[in-house]
Structure formats: structure tokens, C-alpha cells
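Across the two complexes that follow, chain A remains constant while its partner is chain B and subsequently chain C.
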Partner chain A sequence: MTEGAALIDGGARLAAMLPPGWIMMLGALVVPLLRGPVRQGWMLALPVLGLFQMLALPLGSEMSATFFAYELELLRFDSIARAFGLVFHSAAILSVVYAMKNDSALEGSAALVYSGSAISAVFAGDLITLFICWELTAVSSVFLIWASGNERANRSGMRYLIVQVGSGVLLLAGTIIHYAETGSLAFDHLGLVGFGTGLIFVAFGIKAAFPFLHNWLQDAYPNATVTGTVFLSAFTTKLAIYALARGFAGTEILIPIGAVMAVFPIFYAVIENDLRRVLAYGLNNQLGYMVVGVGIGTEFALNGTVAHVVAHVIYKGLLFMSMGAVLYRVGTVKASELGGLYKSMPITTLLCIVGAASISAPLTGGFVSKSMIVSAAAEEHYTVVFLVLLLASAGAFLYLGIKVCFFAFFGQDRGFRVKEAPLNMLIAMGGAAALCLGIGMFPGTLYGLLPYPVDYVPYTVSHVVTILQLLLFSVLAFAFLRKAGLYPPELRSTLLDSDWIYRRMLPWINDGLAFAYNRAVDRGLGPARGLLSQVMSTVERIHRPDGVLGNPWPTGATTLWAAIMLFALLLLSY
Partner chain B sequence: MSEHFPALQVLLPVLTAPLCLLLRHPTLVRVLSLAVTVGCLGISLALMEQAREVGTVVYEFGNWPRPLGIEYAVDTTNAFVLVIVSMIAAVVLPIGCRNSQVPEGREYLFYSAFLLCFGGLLGVAITGDVFNIFVFLEISSLATYILIAMGRDRRAIMAAYSYLIVGTIGATFLLIGIGLLYQMTGTLNIADLAVRLEDVKETRTVIVAFAFAMVGISIKLAVLPLHHWLPNAYTHAPPVVSAFLSATATKVAYYLMLRFIYTILGAGFVFDVLQFDVILTPLSLAAMFIGSLAAIYQTDFKRLLAYSSIAQIGYMTLGLSLNSELGAAAGIVHLFNHALMKGGLFLVAGCVLLRVGSTAIVDMRGLGSRMPLTASALVIAGLGMIGVPGTVGFVSKWALVSAALDQQAWQITVLILLSSLLALVYVWRLIEVMYLTEAPEGAERREAPPLYLIPTWILVLASVYFGFNTESTLGVARAAAHQLLGGAG
Partner chain C sequence: MSEEGPLSEAPEVDEARGHRQAPQVDLHGREGHTLSAAESARIPAVGEGWFEQPSNINKIIWALVAVCVASVGADLFSLYHKHGHYGFQEWIGFDAFYGFVSCVLLVLVAKQLRKVSMRDENYYD
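Let's turn to the complex of A and B:
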């Protein structure tokens, strides 16, 4: 055998030993050692290699390892995992191209570990492996937020990390309880059958940004770096959708949850000023569709969910990329400060329009995928849900597509004369836009990748006309509201939705309690302040280095304690 | 030769110690001590191998049979402890006594004290005779006081002094307990004690003996209200000494507790009749929370580590208090895992002390760029403290949580998970200071020398390696617990 052949053979065998995603995770460790073009090439090579390795695997491949006494299934390669693996790899490649000019080694390795762990999570065949990858995505992705390097991002990242790790802890607890109940660690259909699976469900729900569990998303994504947000938008939530589809397909409760998710973010998107935050709300809204699809749980609905994940990862990535480009060039994505950028960034404008259209316009990815979920709802006679989804679709287009494009690139010209986005960003956006259109025009390829056979034809006259009517109506509505001056003005403000509960209401309740307490105290109960802060400050006071518990006691105290403990032991035994 | 391994395990370091005093030559003493620790590591591994094969390796001194003579008895549990102690010693000793008060040319004093401490700890773990335990405990403790007093500033002497007082009280309590047991049975041999105690267990004397012995051991183990000697001692001792002691001394005390409860007195007696767990469980839980909370608010890195040790000891005693094979296994495996992590972290503190000149957390600003290898070692070992999967910390936590669940102790499970969130907070504080704040003006950008970094990274990498390869740790710990509980019923 020649040397080259031996090398290829060795490489192939090495690749065969690693589950998909691991190439990126391991390769990421080398990134900090490289510089300049070598690093850029290496970072691009990793997801490309990973993609090839995955494509080389035959369906049904398995790989396992022993961890403690448990057999871990590191690789389960079936059609649903393949579809997610494919879109995750594509997203990783596009995002790496987009981030090519970013020199931060920390961010680069974090992004690769993050993408790699999300990919290996998709191939995990048991709950322990899933948990490990789950936590890895959490820990690695937070660096994409912290890399922004400002105080706001630090705090937001910390909140993000707490929520994500919390989700992991719930997953682990659920796994252990599930194991105790059933003796199985396999990650197959779980269903809401016990306390353990309930915990797992909530863990997935946090990552999937269920209503009231969603705030981390709108909080963290807009605070990440320009390139970090693009990575973030692709993986975390879609991993959760995958996990739900695998474990909880056909769980009815998901349908109302998803329907609520599809609607409520739109209202926030209307009044939000930060355009990346608007997109984050849009992300949440589209997740609602996927959750509904999982909840319906028929083969057709699951196909729709997977298809929508594919389309959504790409067009949402494209939208975040274009807003990232704006942020990169202009320095802000506040709707109230932007306008008229189409003159200076024409290509970005065009690509952003493609991305916005892809939310649901015909000939784009969103049209052929989302309609499957909506039709599935109709087929299974969820009439209310069907109508809600249809309207949400128009609303999403109105407030996400039109608003983002309009305020950033058209609207009032604010006089920004900036350069077009850098070439690598344009290439990444171009690639994403091409994929959006490609999927929309040739849906057959996408349908061929879905887990179940598809006999769905998206381009029927009635469907196209319905959607076009909706879209035209929403354009009309936007234009009317603008003209009539009814459209909510873009205000400089921080928008709080249900994170209001913990960022405003809890302090408020605390203040209220403190007030009530003080009133009571004034009437003769002794001096004291707010109850909660009292406890917290007490904890700090006694644990500080100069506090009782944080400070070494004199020897005599220890002796006294020894005597007390001796006494207690004797007392117990008599 | 190999049949004399149990004797050599202890005699080698104990006899080399006076030899070092005589030789005095710095390099010679250094090489000799290193050779001895490495040799001891080899012997302990061989002993582990033998113990796994035959169950219990018994070595009778002078061929006097028990209970007349003194015997060494090595089963899986103490073989595991022997491996931990000698492994840590072999890894950390190459750094030697830098950053301490030892004057140039007097290094031999450090090495002989270290070898005595090392030999004493091995002796406690290996012997099958309770009085011998006391003797070796005193040997190691006296050497420990000297080692701690070698710290860089005067506070080290104060710390050593207060540890001396408290440690002596602990040893005395233990001795009283042993004396009372001897009074009731007329024997000092552990195996013999276990047999003869059967008839007299319910007597008041044995109960008092138990109480004294447990309080004595708890002081050495730094169980929560008796922990006060530990933070000062670990903070002010030279880095190598802190690393060695944190990784070994409390571990040996934990082994003693296991031995007294399971082999000598029997779990049924201790937990069902004396209800030791009624005291031990709340103390362990309190240690987990108070230790971690105190660690969060510390301003000095080494002191933070010391308080985190108190919390980690809480995890070990919690495993013991669950009174099950799984619980004991969780405690035993955490001995090893915590030794790796905490040993590594204290060596990181050594690197910081060497280059920065202080271990105050404010002085560690920007360490991520100033000393990248040191800082990343801290991060990896810190992830272990939190219990991130893929590190030894996760293995321990997993073992402990499954032991708690096995007993249907839901509340305890929740508390374990909550307290590991506290670890996240204190590790995060360090990461924030090292990576997210700017280095102070004019701070030196210089990595620690390889002499420091290599031992540090050996421990850190081992803490990752054994996070994946759990057979040689958790597997052995489970076998040890099985033997321990099976032997004593």
C-alpha cells in the first residue's frame, strides 16, 4: 500500500471510530494554537470533514462505549438523526464562513465545540450521552455571549448559563428517576408517563423555549457577538425540538403549548426595538410550529417538523447574519436608529429580503416546510390550532420579515454611509439564501431526507393563493398602519415580557413585603428590613472571611464542639 | 521479596527519613526521597493487585500469629488508600520545598519531615492493629505540624500551633476509645477485636469507646463543627504540603472511620443501635452547604480551596451515613477523585504563588492571559469540583446520587445537586477573575516553570482520564465497599 493510501485508510478508520460531531469537538481544541489563514482553513475544514464523515456512514450504524456499568450508545444513525445532522453540519459550515474574520480563538473553539456537541447530541442513543452533550452545548455556547465583553453580556450570559445548566440538571434527575422506574436508559419514545419523564419533558421544554420558560432566549441571543448569535440561533433550540420529536412525539399537551408559542412572541416582536431581539422573538414563534408538529405526532406532522427545522435553521441564520452584518458595519441594530441602508448595503438588503420571504412566501424554504405542519393540523382536525397557525404565519411575516427589512434597510434614511458587508459574510449569506430558494423551488430533495415517506405537494393553486392572500394582506396592514400613524413607534426601551416576573415582580414583591414588614415593625415588632435581603445578607455576613462560619474559630471553640459532639453521640446511644 | 511488600511499604519511607537527616546533601536527599515515593507507589500498586486476588493480604511481623503479634492486613479498601497516598506523594514531591521558610541548604529537614508524614499515613492505612494506628497517626501528625509551620509567613506557625492543639485532642480521644476497647476485649488486633466485641457490644464501655473514637477521627477528618483547624493549616502551609495533605491526610482519616464502623464495630451496631447517622447526615449536609458558601465569600484562593475541601468531606461522610454498600463506594471513590482535583488545585495555587507572589483572588486578575497553562489547569480541575460530566467530579457525584436514590432519599439527592450549584458559583468567581477582568498594570506575564506545571497537569489530566475510565476507580471502590460490608455483616 502506498503511503497516501495508508494515510487515507488510517484517517477513514479513525473517523469510523468517532461519532459525528466529535471531529469538530476534538479539532476545536487545536484552534487556539493556530493563527491567521491556517486557523481559518482548519475551522472550515472541521465541519466539512464532519459532514463527509457523516455522509459516509450507512443508515443504521451504531457505536457504543461502556461508562460505569452502562452501555452508552454514542451513535444511532437513523433517518431522523441524519436529517438533523445534515442541517446542523450545513449550519456550522455557513456560520464558520460567516465568522471567518473573527480573530478570537476562544470564540472559535467555543463555537466549534458547541456545534460539535449539538451534532453528537442528535446521534445520542441513550439519555446519559444526551445529557453529556446537552451540558456541553450549554457550557460551550455561553462563551459566545461572554465574548461580547461588556457587562450586559456578562450578566445575560450568566443568566443563560444558569437556565441551561438547570435544564441539564433536570434532564439528569429525570434520567436517573426514569432509570430507577424502568431500568432503561434508552433514548426512544418516552411519553409523559411518570415523574422522571415529566422532568425530562421540562428539561427539553426549557431548551425549546416553551412559553414562560423562554426568556433566556430573547435575553441572551441579542447580547451575543455578531457571529455568536448566528451559531446560537442554529443549534440550542433545534436540538430541543429534536429531543422532543424523539421522546415525546404525539404528546397532546404540546399542541396547545406550541400554538401559544406561535402567537405570543409576535406581540412582543411588534414593540421591540432591538432588531436582533425581534428576530429572537421570531425564532420563538417558529419553534411554536415545530412543537405543534411534534405534538400532533403523525408521520406527516413529524416530517413537517423536521422539514421546518431544516428550512428554519437556514433562513433564521440568514436573517441573523444580515442583522449581524448591519451591527458589524453600523454598530447598532436599534430600529429607532437605523434606516435607508439599502443604498450602502444593497447585497445584504437583497439577501435579507430573501431570508424574510423565506418565512412563508412561495418558492422559499418556509413555504414548503411550514405548510406541512399547518396541513397536518388541519388533517387531524385541530381546527382552532390550524387557524391560529395560519394567522401567526401572517403575523410573523408582517412583524418579523417586513419590520426587520423595512426599518433596517428602508424607512427613514438616517444618513449612514457604510461599506457593504465583508466578503466572507456575503458568501455565507449567499449560501444560506441559495439554500432557502433551492429548498423552496425543489422541495423533492428536502422531502427525500425526511424520516418518513412523503407524498405531499406544496404547490397547489389553493395553497399558493391562500398564502399569497395572507402575505399581501399583511403587507397592506403594515402600509396602512404606517400611513395612519397607528404603528407603534420604535422606542428606546428594554422590553420585559414574562422575565418581568423575576426581573421586576420579585423585587417588587420583596419591596412590598419589606414595606408591609416595616409597617408591622413600626407598630412594635422590633427593627428589621426586607425579609429576603435580610436572609441573603445574613448568609453573606456569616460566611464572609470575617463572619462566624467563614472564619476559623479559636481552638477553644473546636474543643467545645468536640465535647458537644461526644455528648450528642452518647445521648443518642442511651 | 513480594511477600514483604506490606512491611516495606511503611518501613521504606520511615527509615529513609532519618537517613535524609544524616546525608544532608540537597540533591542526594531529593533523589533518594523521590525514589522512595516512587518505590512506594509501585509497592502499593502491587499490594492492590495481591489484595484483589486473595482478598486480604496478611503480613505477620516476626511470624507471630494474631493476636499476639502485630500484623498488617491489606484488603481492597486500604490498598486503594495506599495507592492514593503514594500516588499523590510521588506526583507532588518533585516540586520540593520551594516557597517555604526552609533556608537554603536545609532542604533535608523538609524531606525527612515529608517522608515521616508520608510513612505515618501509609502506616495508619496498612496496619491491622488499633494501637499501631494511634502510633502512626501521631507520627504523621507531628510531621504534619512541622510541614505546615514551614509556610512562607508567620501565620503558618500559628496555624500549625492551633492544628497541633486540636490534632492532639483528636488523637487523645482516639486513644481513649482504643483504650476502652482494649479494656473490654484484651486485644488490639482489628480482626480479633471484631470477633471478641460480638459478646460485649451492648455494654456502656463499648458505646463510650465508640463515641470517643468517632469524635477523635472526626477531628482528624475535619467533619463540620470540628473543621476549624483545616482552613488555616491549608492556607498557610507551603503549596506542596497543602496539596499533599488535602489529598491524603483527611482521606486516611476517612478510611479510619470506615474501618472502625464497618470492620470493628459493625454497621448494624453503629447505625441501628447507636444511630450514628442521625448525627452524621445533618453534619454532612451542613458541611456541604456551609463549606461551599464560605468558599464563595473567601478572598484568598487557597482558603477558598480549603473551605471547598470541607464541603467535599461532607460528600464523603454523606456517602458513609447512607449506610449502604453504594454509599460507602461513593465515599471511597470520592477519596480518589477529590485527591486528584484538590491536589491539582493546590498545585495551581503553588504556581500562582510562585509567579504572582500572593494567592489573593484580586491578584489573580487576568491570569488567563498571564499564565494560560496554569489558568486552564484551574478551569479543568474546577469543572471537576462542579461535577461536570467527563471529569472525576461527575463520577463521584453520580455514585453519591445513585446511592442516595437507592435509599429513596429524595431530599438528600436534591440537596446534593443544589450544593453542586454552589461549587459552580465559587469556581465561576475564579474564572471571571482570571478571564474576564484585565490584568493589573505592569503585571508580569510569565508562566510557571515546568517543574510546577508538569505535576499540576498530571493531576488535572488524570482527573479527566478517570472521568472516563471509571473501572479502575469506581469499580475498585465498589469491590472495596463490598468486601468491607460483607466482611462485617
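Let's turn to the complex of A and C:
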């Protein structure tokens, strides 16, 4: 007994020495060894422990380690990292509850490593640590897509992995160049000042789903498993927003980028049939607000961005959970096949409506957070951006919230009769809904967590009435369009987006070039061909097992060559 | 997951009332989801739900119109002090008008986008 107690005590001491996120990453390795309720309890305990460990840290804590010649700052605990850490832990806990019945050990481990690496990325104080966590999120999260186990998900996951790892490679290249230029690896404000920071900016932009770099998101998320998408929706993109806020606050180019991001996904959301993909477009649209907030870069705007990340992670998770529950029970989330599910799944319906309302409506998270970014745009006199964000507020509420609720749960009853979502899913959704409403009704707690002091009162009569006008007339527009027969019907279809470039156009160009090459070789390029085959046969002769380069050289010869090269180097350096 | 449109294979339940079971697709981690006959019987038949009655839908729309009118009325009769960063934000019903027009425009443009970007569901397969 005492030995067991000592072991637990030792484990607790060890855990206290780890940076936040590591408990989940290391604990995930044990998951495949456990079974049944023990595994479920373990998976829930990890993020809960992580949360308590993080809350116990005093602001300003630091932790570093030496890696070759570099000093890595594994932990930098300031208020902006704390806010992200808090919402990431909450999302991990809710998602684990949601995924409680999922008995795939691989998925469970991957989800925990993914959440844990996203959390430790937020606390990384230098670019090398950030890079390691950045790549870990990419490599672990792809298993949540591959776990779907079908051909479409396999290929989508591979595309996702290439894009995500590509972002990491850019980050590493940018870091090396930045280090060569400045001699600093610190992850503080970088700004767009050179080639190195430019590469880092693009690396962040890929994960933040900037226009034309965005399509991995809508491609991959709807192909992940029921529970996998819920995890995915929380971390990757918000980690990128964190990185932008830390490194590029006040970089003006972010404002137009964010404004475009806030609008164009809405068009796709209107006509997209797969409701989880509609939510993915919605995610992209809300990231636009956050990018604008980072671009404005004032204390008020950055507060708004962080606040909106907190509110957004929770309500977007709730929406993905409710669509996941529909997929789990009905087997599809295509709007063209769904309708009338409020009869079978009334609690899910209600919770989904809370999630949709939380995008903007008073008494919910979105109302007290998003309005800060919109107000910041007005305060800094970005009139066009202000009007664009206002348009996107109306559109997002309608086509990302109401559309999802309406076509899944109301609309035309397609006759599906299924059970209500399982209890653990309802608990997770209920928890998320409670948080949405809690943040909206008592915004003081959220504001207290923000990086700068908050002097903003969301609940004025003027603000409440104008937002209500905006939202109510949006719904009226929806009713009018449907009554007038102008609203486009839900159709089974694929929509071409920027992924078409690498899924179709580039392969076509490649095929075309290969074709042209073959034709050119066939037609009258005989001499060139002869030359080519001569070159090839020479190469082959040299590299054959008995050729000059194919032969294993004796060690002495290698030493001699090395000595000659070193000598040459010595001469050159004088 | 659900690409195949398995509707045709779905076993029918309580056909007379328009009920049907969810399609039997192989979904990772999916457990028994079919309803018993008694549970199925408690759920209103197709077309008989509260939200499906045309009269109820009209009620909802009229309620919506009433709330909309009330929200603009608050502007019209200056029931509160309206303030914004820009002068145009203080016009009567600015947000109402802007929200309505935005949403109509977004849909009309999206319909045009469909002409360009819509392909068959299995386009990439």
C-alpha cells in the first residue's frame, strides 16, 4: 500500500514539474493499455488534472531546458497564454466526455496528444518549442481523420497532413532565417520585417485558414469521425490565432485578410449540403473576425480577439457536437436528407439552438465577445471593415446557425425515427451550452481573464436593440426568401473551392506536361534521345556493383579523401 | 461514412405513419440506435408535428414580424438613446435594414456561385 502511495506521490511531483499539456501527452501513451471504464476515467482525468495543474501556476512562471546550444523556454505563463490554456483545457474536457463511448484506443490517444500539444504550444516561449508542438498537433490530429476508415477520409487525411506539415516546415525555415538575421529564438512580437518572419507569417496563415490557404479545413473536418471533428474544431485554428496575436499583433495586412475571411465562407455555407462542412465554413468566417482583431492590434481589439476565441471554441464545439450526434444516430448530416429530427432528438435540438444563438445573440458568448472586435474596427475608423463585419454577423448567424438547426431538426420531416443522443454526448453538449450562456450572462469573469484591463459594457440598451434588429431581420429575410421560393434548395453536390487547384488543376498540368514530353520524344528528337540513353548507360556503368561509385571504398581511401577535404578547407579559411 | 446514400436499403418502421429507421451505415463507434415500436409510436407521424402545421408556421412568422416591427418601433418612437460611432448607425432602423438586405444579397450571390462551382457529389472520386 505504502509503495502505491509513494508511486502516486512521485507521479504527482513529476506532474507538477511538467509544463501544461505534457500530462495529457504523456498520459495518452498509457491509453492503449487500459480497457473499458478504467480507460474512460483515465482519459477524463488527464485534462482535468492538467487544468488544475495550470490553475495552480502563478502568472509569470517560467521553465526552460537546454537543447544542444539552445535554451528552450518550455513554459511562459502570462495572461494571454492563460486564457488560451483555460479554454483549450475546457474544450479537451468537454470533447473527452463527448467521445466517452468511442472505444478506439488509437483515436483516444491521438486526441489527447493533439490537445496536449496544442496546449503546450500556447505556453511555448521560443520558436523551436513552438515548432515541435506545431508539428505534433499536425501529426497526431490526422489520426482523427484516418480513423473514419474509408477511402475518402484516407485521401483527405493525407492532403491535410501535407498541408499541416508544410506549415511546420515553413515555420522551421522561417525560424532558422530569423535566427540568422537577429540571433534570437524568442517567440515575442515578430512583425513582418524580413524574409524569415514572412515565412513564419505564412506558416501561421495556413493554420489560420487565410483565404486560398483555407481549404484543408473544409476538406478534412467533415471527413473526420463523429468525435474527431469535435476535437479538431477546437485547437488547430485557434492555436494559429494565438500565434498571430503573439507574433503579429498590429500587422495591418491582417485586417483586409480577415475581412475577406469573414465574408467569402458565407456564400459557400449557403449552398453547401454537408452540415458539418457548413460548420467548417462557419469556423473559417469567425476566424476572420479574430484575424481582423489581431490586425487592428490595439489593447481593446486584442482583448476582443481573445474573448472571441474563448466564446467561439465553446459554441463551435457545441455545434459540431450536435451535428456529430445527428451523424451518429441518423448516419448522415446531409441537409438534403435530413429534417424533422426535433421529434426524435428534442434535447439535441434545443442545445443546437443554444449553440447557434451563441454566434451573436444577446445573453450568449458571441454577443459579449464578437462585438468587441466590431467596435474596435469602428473606433479605429475602419469603416468598410466595420460594415463588412456587420454584414458577416447577420449572414453568419443565419446561414451558419439557423441553417444548420433548421435543415437538420425542422424543415421537411424525412421520416427518420432515431433515439436521442447518448447520455455522455448530452452531458458534453449541456456543459458547452451552459458555458455559452454563462459567458453571455456574466461576461465579467471572461473579461477578467483577458490580457489587458477591460473597459467595455456589452449590455447597453442601444447595443442590445441594434443587434436584435440585425438578427431578427436576418431571420425575417430567411422566412421571406423561403416563402418567395428564392432560397436555393439543398442539393447533393460537391462545391469547387481552392482545393480544386491541387486536386484537379495541378494534376492536369502534370499530365499535360508528361504527355507533351512523350510526344516530343516520339517526334524527331532522336538525337537527343540517343544522347540521353548514352548518359544513362554511363551513369549505370559507374553505379553498377562493380562500377567506380558502386564499389564499397576501403576505409583508408575515405580517410584520405576526408583529410584532403579538411586540408582544402584549412587553406580556404586562410 | 455516408457517401452511398443508403436510403433505399433502410428498413421501414411503422410505414403507415411515414416513419423510417436511419440507414444502416457502418459508422465507427456506433451503437444500437433503432427505436422500439412503442418508442416509435410516441413520436408524431410525418406531417403531424406541431412545427409542420401550416397554421402554426404562419403563427411563427407573424410572431417574428411582430417582434421585428417592435424592434424598429423602439427606434421610431425614440424609446431609448441610440448611439454609435458613425452617424448612419443612428438612423431609424439602420441595423434592421442592413441585416435584411445583407442576408438577401448573400443568398442571391450564393445562388450565382452555385452555377460556377457546383459539381456532382462524387466529382473527386
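We adopt the following convention: the second predicted complex is superposed on the first by the 491 of 574 C-alpha atoms of A that agree within 3 Å, B and C clash if a C-alpha of one lies under 4 Å from a C-alpha of the other, contacts with A are read in each partner's own complex, and residues count from 1 in each chain.
Here is the rule we go by: a residue touches a chain if its C-beta (ideal position, glycine included) is under 8 Å from a C-beta of that chain, and two chains touch if they have at least 3 such contacts.
Model, not experiment: these values are computed from the prediction.
*Asks:* If you stack the two complexes on chain A, which partner ends up touching A:22: first (chain B), second (chain C), both, or neither?
*Replies:* neither
*Asks:* Should A:315 be classified as contacting the first partner (chain B), the second (chain C), both, or neither?
*Replies:* Touch partners of A:315: none, neither chain B nor chain C.
*Asks:* Contacts for A:281 in the overlay, against chain B (first) and chain C (second): which applies, first, second, both or neither?
*Replies:* neither
*Asks:* Does chain A have more residues touched by chain B or by chain C?
*Replies:* C
*Asks:* Where does A:390 make contact in the superposed view: on chain B (first), on chain C (second), on both, or on neither?
*Replies:* So A:390 only meets chain C here.
*Asks:* Name the contact category of A:201: first (chain B only), second (chain C only), both, or neither.
*Replies:* It touches nothing on chain B or chain C.
*Asks:* Which residues form the common part of the chain A surface touched by chain B and by chain C?
*Replies:* 149
*Asks:* Can you tell me which positions in chain A touch chain B when the two form their complex?
*Replies:* 67-68, 131-132, 135-136, 139, 146, 149, 154, 158, 165, 169, 173, 176-177, 180, 539-540, 543-545, 547, 549-550, 552-555, 557-559, 561-562, 564-566, 568-570, 572-574
*Asks:* Show me the residue ranges of chain B that touch chain A in the complex, using the header's touch definition.
*Replies:* Chain B reaches chain A through residues 162, 165-166, 169-170, 173, 207-208, 210-212, 214-215, 218-219, 225-226, 228-229, 231-232, 273-276, 278-279, 290, 293-294, 296-300, 303, 307, 388-390, 395, 398, 401-402, 405, 413, 417, 421, 424, 428, 432, 436, 468, 470, 474.
*Asks:* Considering the complex alone, what residue numbers of chain C touch chain A?
*Replies:* Touch list, chain C to chain A: 1-3, 5-7, 13-14, 18-25, 27-31, 33-35, 39-40, 43-44, 46-47, 49, 51-52, 61, 64-65, 67-68, 71-72, 74-75, 80-86, 89, 93-100, 102-104, 106-111, 113-114, 116-125.
*Asks:* List the residues on chain A that touch chain C in their complex, please.
*Replies:* 101-104, 147-150, 152-153, 223, 225-227, 266-268, 270-271, 327-334, 337, 340, 342-344, 375, 378-379, 383, 386, 390-391, 394-395, 398-399, 410, 413, 415-419, 422, 461-462, 465-481, 483, 486-488, 491-497, 503-504
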